[in-house]
Amino acid sequence: MLKADEVKITKVILKSSFEMWLSNIEVDVVIVGAGPSGLTCGRYLAKNGYKTLILERHLAFGGGTWGGGMGFPYIVIEPPANEILEECGVKLKEMEGYYVADSVEVPAKLACKAIDDGAKILTGVVVEDLIVRDHEVNGVVINSYAIERAGLHIDPLAIKSKVVVDATGHEANVVNILIRKNKLKLNLEGERSMWAEKGENELLENTKEVYPNLFVCGMAANAVFGGHRMGAIFGGMYLSGKKCAELIMEKLKL
Amino acid sequence: MLKADEVKITKVILKSSFEMWLSNIEVDVVIVGAGPSGLTCGRYLAKNGYKTLILERHLAFGGGTWGGGMGFPYIVIEPPANEILEECGVKLKEMEGYYVADSVEVPAKLACKAIDDGAKILTGVVVEDLIVRDHEVNGVVINSYAIERAGLHIDPLAIKSKVVVDATGHEANVVNILIRKNKLKLNLEGERSMWAEKGENELLENTKEVYPNLFVCGMAANAVFGGHRMGAIFGGMYLSGKKCAELIMEKLKL
Amino acid sequence: MLKADEVKITKVILKSSFEMWLSNIEVDVVIVGAGPSGLTCGRYLAKNGYKTLILERHLAFGGGTWGGGMGFPYIVIEPPANEILEECGVKLKEMEGYYVADSVEVPAKLACKAIDDGAKILTGVVVEDLIVRDHEVNGVVINSYAIERAGLHIDPLAIKSKVVVDATGHEANVVNILIRKNKLKLNLEGERSMWAEKGENELLENTKEVYPNLFVCGMAANAVFGGHRMGAIFGGMYLSGKKCAELIMEKLKL
Amino acid sequence: MLKADEVKITKVILKSSFEMWLSNIEVDVVIVGAGPSGLTCGRYLAKNGYKTLILERHLAFGGGTWGGGMGFPYIVIEPPANEILEECGVKLKEMEGYYVADSVEVPAKLACKAIDDGAKILTGVVVEDLIVRDHEVNGVVINSYAIERAGLHIDPLAIKSKVVVDATGHEANVVNILIRKNKLKLNLEGERSMWAEKGENELLENTKEVYPNLFVCGMAANAVFGGHRMGAIFGGMYLSGKKCAELIMEKLKL
Amino acid sequence: MLKADEVKITKVILKSSFEMWLSNIEVDVVIVGAGPSGLTCGRYLAKNGYKTLILERHLAFGGGTWGGGMGFPYIVIEPPANEILEECGVKLKEMEGYYVADSVEVPAKLACKAIDDGAKILTGVVVEDLIVRDHEVNGVVINSYAIERAGLHIDPLAIKSKVVVDATGHEANVVNILIRKNKLKLNLEGERSMWAEKGENELLENTKEVYPNLFVCGMAANAVFGGHRMGAIFGGMYLSGKKCAELIMEKLKL
Amino acid sequence: MLKADEVKITKVILKSSFEMWLSNIEVDVVIVGAGPSGLTCGRYLAKNGYKTLILERHLAFGGGTWGGGMGFPYIVIEPPANEILEECGVKLKEMEGYYVADSVEVPAKLACKAIDDGAKILTGVVVEDLIVRDHEVNGVVINSYAIERAGLHIDPLAIKSKVVVDATGHEANVVNILIRKNKLKLNLEGERSMWAEKGENELLENTKEVYPNLFVCGMAANAVFGGHRMGAIFGGMYLSGKKCAELIMEKLKL
Amino acid sequence: MLKADEVKITKVILKSSFEMWLSNIEVDVVIVGAGPSGLTCGRYLAKNGYKTLILERHLAFGGGTWGGGMGFPYIVIEPPANEILEECGVKLKEMEGYYVADSVEVPAKLACKAIDDGAKILTGVVVEDLIVRDHEVNGVVINSYAIERAGLHIDPLAIKSKVVVDATGHEANVVNILIRKNKLKLNLEGERSMWAEKGENELLENTKEVYPNLFVCGMAANAVFGGHRMGAIFGGMYLSGKKCAELIMEKLKL
Amino acid sequence: MLKADEVKITKVILKSSFEMWLSNIEVDVVIVGAGPSGLTCGRYLAKNGYKTLILERHLAFGGGTWGGGMGFPYIVIEPPANEILEECGVKLKEMEGYYVADSVEVPAKLACKAIDDGAKILTGVVVEDLIVRDHEVNGVVINSYAIERAGLHIDPLAIKSKVVVDATGHEANVVNILIRKNKLKLNLEGERSMWAEKGENELLENTKEVYPNLFVCGMAANAVFGGHRMGAIFGGMYLSGKKCAELIMEKLKL
């Protein structure tokens, strides 16, 4: 017979949560956005021993991958990005020089790999501001997605980190906040019309540190620097996440 | 340099999708709902060679697991259900005679295992009716979640299956539809107030075939038969999914 | 050089509308709903000399045809219903014993044929009640769709007719109003779960006069009598519309 | 007795859709908007052998024609535009030097003629971006209207074409996207207050190629160049659609 | 016994409406807004023989008068504006050098007087644009409020007039449209913070012809020229309406 | 120069409001609804010396009259109801044995007459309950329409009266509240489908005291007793209001 | 100079919350609703040494007191209830045999007194179910108000208690849940129309244990047993809260 | 037996409200916002004999304090601000050099103290404009929150005061209105990203008179001058409210 005691269930959940919260108030890297580039970036950082916290607004990770292209549930990956997915155990099928993957399998496998490599993914958490001190980013200011969506007026908490990554996709939310709240000269270009090939390559160039301790990767990188849009091809996203991890590791030299 | 051609990307996605659709018009089992019990049920069926299609309304799988208990991101599992999660690679921590798991890791690992064992998970798909023929369920009537949510008036398509599983949770949507559309005597009790221990055990008893070719598992089982509610303890859910798979395999005797 | 005078444009539109309205206050038949069965029914009646007014709530005719099946833009027709579409000039393609048609071409062609055969289609008009006198339907009570949708509280106007047809589809709006407003014993069964073949054949049986001077056709017929649902196969719809026209002509014996 | 098999219905619809999609990934001309000018433009192009795809956001074609003027269901046409409608079989009535037409008959007949002349009309499809390569438009980036309206975050697909036509009416959506996403100097004037006669004539002058491979016709042309508004007179719209087709044919010289 | 025939009721309403519409396609003055200044302006014009049409967006006239001050149902009038209300039969009570009036009686009496003096008030009609020809206003472009509020995309009709009056209150809608649609240099200042006494006197100075054939009165006048806000004192409103009528009569010299 | 002092304006409005409120806490008759029957009923009662308070939910009086029939701005009156409107100064035009009136003039004139005859009309006030004592209605429980519409949870106030009249139209709100809150046997029939002539005559029969001290008039009378609907003919409404006043005067015998 | 460290602020808040949560998983009494009766009941219980947790859905306590009567910010109290408020330090003014109090001061003072007497008020917490075991209430099932309002699908937590009090006002939410989820015979009468005096006295009679370990007080008591409504007089509410505390203390005999 | 008479209850509430309103039309100081700084500022002013009116948009006071940090119901205070809370009777707990307080107790105690010291708190009142005369603020223009939220178009009333305080938090509503309505050069900086320590100290510097007779305190001060954000530490808020009171007293020198 199964055992279940309401008070113990409540207690065990509360205790686990508070331990987790307390152990994540200060981390090496906060990645904002658990989409393709954020998960990839987080996985490589965690694997190399960096304390990495991935914050995602929605309850589920995966970002814009789930619906594939226009609701047709597949995404396309070009070499050499297939290697990143293969490391995660994603089944790929070769077609016309590209690789195709199931749009539901991909986020599941990327997340599992990131978790197994040591990254902590916390969902339902909104980054509504940054900690900025003497022109350096020092962490993020967070709130609950439920509170934001409910329209309640409640103060945030803060998490310190050595580096913050904006992996929020097309909207580049973190860079946006930084600019708007601090009147920076930094210009947010916005992504340009679709040119898949050019966009994929620009993505890698645009993956960089845009402000002391603030990096961008994934579509946020092209949105910040005015790169082209690519559509349902995701190779550049994974490579950008990986490159971002490498740049951060170089900077932090653990 | 990365290669990317818009026409090829579009073609590859369309082709993959149509092949997938055509190969899933007739299956052995359709499971409605990709939450804890649906994913578990699907995994055991697929592993044993049954062609299994898991349909989920939302774009992401996982159901009500993501938010843990009241937003505290952990869930509780009692023995012997921990074994099911351990088979999937979920990291469990023992506390006060229970196991605690990260509410984000659990759905990711369950889904990966189900996929690797051969189940097909299709998200963004709504089951709006059943195929019922001479008092037997013969399949499901589906539409796109985007269409439903957009409020567009568009006809559905149909998928044939030998068995359908209602794993839609508290609302027991599939059983609800069956009763409402066919004026059945079958009574939908609705779940009762919380009594965690009793609810967990009732769950297993209530996991059964409720109408020719229609099975219920997970919270839908307690909702149909008036079992008690349990809260953020999930052991019964996984065991119910597993038991449901066993009952179906017995019936279909592949 | 093109000529255009604002006052004349306004005058010409007002005058044309006025004439149309006055000439349609009393008609032989009002058909409610310009979907597949309503358009077909109207076309046969008008062709045989009956003054026929088709009222449609939305601005466009076509009902649920536009989106095909689940947004895949094709519909299926079984013989002998293909003949009705061929008379309208719809291009059909034979596949596996059925006919397939473009879900955009079909409503366009059906409407053109109905108009050319003499039916008047008036869109953006809501039927919010019936004229009922001594247990006989004598016409419809109409309002503007814009007024209804805007939530304004404005009185309706009325149109007299010898016969009213409920071709409003799944909801059987007209029969619903009749029952609700007049406390009739008449039972509204609601359509049953999908059984395409049975549903198609029931549709023809259920096409009939349900109350003195009130006929049902199309899905409204199955909704009233509890017939089965069919999905994206439309043959029964066209045949139902045609049969309904025949029954009315028999009754009215022009 | 009517035959209907759920699996075959589903299969036939999926197969037809797949063939249609694959055969429309690359076309000569994509026209955005199936209103008066888009349908007219598409009809002339298709008739002359150009592979033409008309994309419409809503499920029904017809744009702003359905409601006539202020809901009075008639529209006005001035010579010589009446000839275009007469070719389509629209019944016109002469009044005070103008022609009046039923606002429901017009879109039906225009669409039927375009379809019969070979144009493909695909509805429920949103153009959310363009393919732009080295300062030339090379196609459109599309998504499902249901997805857009449901507010789901799903990546688009792309269609290549030699030419794109913005026939989206007052909002000139395509030109708008081009400018906003590519920071063009091109100025979007917006239509000016009503001056029916001047507006009708400006419409024809403004119908042109506004950017390499991007043409505008209908109200979008006046919106782009700041022409005057005309109200419920549509002659200029049909003539603009026709002129646009002629300019494109001259450019593409099939 | 009372007599009532549905067809005759419908016919009589349609006939009366079309006669009214046709006789109002061309008028001397169109006043936009049936609030305090619009009704007063219309009354004086009509009394002096000018064909005057007052158009009001809402179904009821009265504008912002109904709720008095902050929902306390009284308004204040200072001399000599009391004479205008006394001419209309409004009961006034003297208090501390001012007059107080019932906020429900005032709009009723103003409207009755305007109607009895010959003005036509048409409610539920939205002015969405102007007819502008060679830098002169020549009339208004109207639509139904129901259509606007329902969000339907339907073309407008037009009414010609020698003069148009913007009496739309704080938003100065008509002047706004004129500026936005015609890129005028005319600056819309917006009303300033409250200074009741100054605002009341500025109101009269600001009542004038702001563009050939376009006059402003009431709060629209202060909104256009940046006058101060006054609150629940209405004397200036009635005097502004009267002055506006005098300026128009001087210009039109009937 | 005009004088205006903010403090005095505020003070004068507050004082007038509080005097009005205090003098209306106890009245002879409360009429709920300022539509055609409520205004007529109130006018006759006030004229005969009964302290009469008319409460209206919306800010403007007039109920469903403003929009005429389907937005065509005229209403129809049959003899002898024309006399009631003529007493109020409404201009009537004879057509086909009926009288036609402007749908904007009618509410304005009815309200002015009721006010001049001594009735107090208070708008923006919702009746959310009744005072019921020993099976007798003793008054109404009111709240502000703004509070109701804003969804705020605020307690009501109460007004005592010897008689309450439900003149709320189709919904018969007051009778509805009485039944729902007190589990009465009284049956609310709901109005029946349209039969204009029968409905007009039933209206007068149904105008009566339905519960000790609670009367119904206008469409509420037909809604309570299941009378027929009439459409845009209003003669019965005015006669019902007048009859209701006569019945109340007989009961109260001032 | 002020000191402030983000990490410490976050840590201190988390730790305090964790301790509070853990110490409130099991309490003597859970009171649902922090309105007038809930706060009064909680204060007396806490003062007498019972561990008392008051849960409130909204972020602020006070329930329906804030807006006074119809937005006029005062409430009325009859003797002897004034003593309860005087104990809390509320300033009362005698008028016509009653006491009047400021509708903002009252909730503030009641809450302060309850807190100072030892009750814990937790706001933003929703009770969505009860723990029911062998026909006895054993606690409450809670969730976050933000989660409920955001419409997120997240499991609840549970709190054990010896007694639960339904002080949720007019809707009697807790009793409602108990009945609906457990198919009890218990009948929820709903409050009756206003009869202030009778209602006040019934309130005290209806304050009782309605199901093993579940008590009702305040308006919930009248809603459960069909007592009369009272309006903006609150004496009965405070007395009911006090009586409820006394009944509970008698039962629990600490 | 409890006594309760509906008419007397209504009368007593109306009379109390009337007296309160009339005695608050002219005051020394109007404070806009009843959050932490507004309540503190009001308390010190009232205590020193200044007639002080605190206006709050919501029905409850407390502003953003209720939810603590991210819904964890505690706030942090640094010395020496603890003294202000201790004066109000708030229980503080020392932790890591800071003080922690219950986020529900704090607003309750602050409000009680402000009320007991003589401040009048009026909730549900919106400040929608200012009285500005010759470049000096002379009072506020108010409306009902219910009216604003209901979207009703109703004129405001006005309250005169020698000084107005903007204590509206992050949005600095009052300063915003002043600038927007009067085209001032005054620049509204908006708060900067989080730097808790710097923000706390800037808050005190930024607390000042920003325009003749208009002061800012609390977060509004940092929003106006571009100070940094602090999160859930509130010491600066209370000190700012106190400093603001001191500056005003110095200016007004009662």
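Per-chain numbering from 1; labels A, B, C, D, E, F, G and H assigned in written order.
In this text, a contact is a pair of C-beta atoms (placed from the backbone, for glycine too) under 8 Å apart; a residue touches a chain by one contact, two chains touch by 3 or more.
All values reported here derive from a predicted model rather than from experimental measurement.
Q: Per the definition at the top, count C-beta pairs in contact and tell me whether A-B or A-D has more.
A: It is A-B, judged by the count of C-beta pairs in contact.
Q: What's the distance between the Cα centroids of subunit E and subunit H, rounded to whole Å?
A: Centres of subunit E and subunit H (C-alpha means) sit 40 Å apart.
Q: Distance between subunit A and subunit F based on Cα centroids, please, to the nearest Å.
A: 62
Q: Taking each chain's centre as its mean C-alpha position, how far apart are subunit F and subunit H in Å?
A: So the centre of subunit F lies 43 Å away from the centre of subunit H.
Q: Measure off the straight-line distance from the CA centroid of subunit C to the CA centroid of subunit D, and report it in whole Å.
A: 28
Q: Which subunit F residues touch at least two other chains?
A: 6, 9-11, 13-15, 59, 66-69, 71-72, 75, 124, 131, 144, 146-147, 152, 154, 157-158, 194, 196, 231-232 - these are the residues of subunit F that touch more than one other chain.
Q: I'd like to see which chains touch which, written out pair by pair.
A: Applying the touch criterion to every chain pair yields A-B, A-D, A-G, A-H, B-C, B-D, B-G, C-D, C-E, C-F, D-E, E-F, E-H, F-G, F-H, G-H.
Q: State the interface residues of subunit C toward subunit F in the complex, per the touch definition above.
A: 129-133, 141-144, 147, 152-158, 177-178, 180-183
Q: Give every residue of subunit E touching subunit H within the complex, in rising order.
A: Within the complex, subunit E contacts subunit H at residues 63-64, 66-72, 75, 190-196, 198, 226, 229, 231-232.
Q: In the complex, go through subunit A and note every residue touching subunit G.
A: 6-7, 9-11, 13-15, 18, 21-22, 25-26, 59, 124, 131, 139, 144-147, 149-152, 154, 157-160
Q: Quick one: in the complex, what on subunit F touches subunit E?
A: 1-6, 8-17, 20, 58-62, 66-69, 71-76, 78, 81, 89, 93, 95-98, 100, 102, 104-105, 107-109, 111-112, 115-116, 121-124, 144, 146, 194, 196-197, 199-201, 204, 230-233, 235-236, 239
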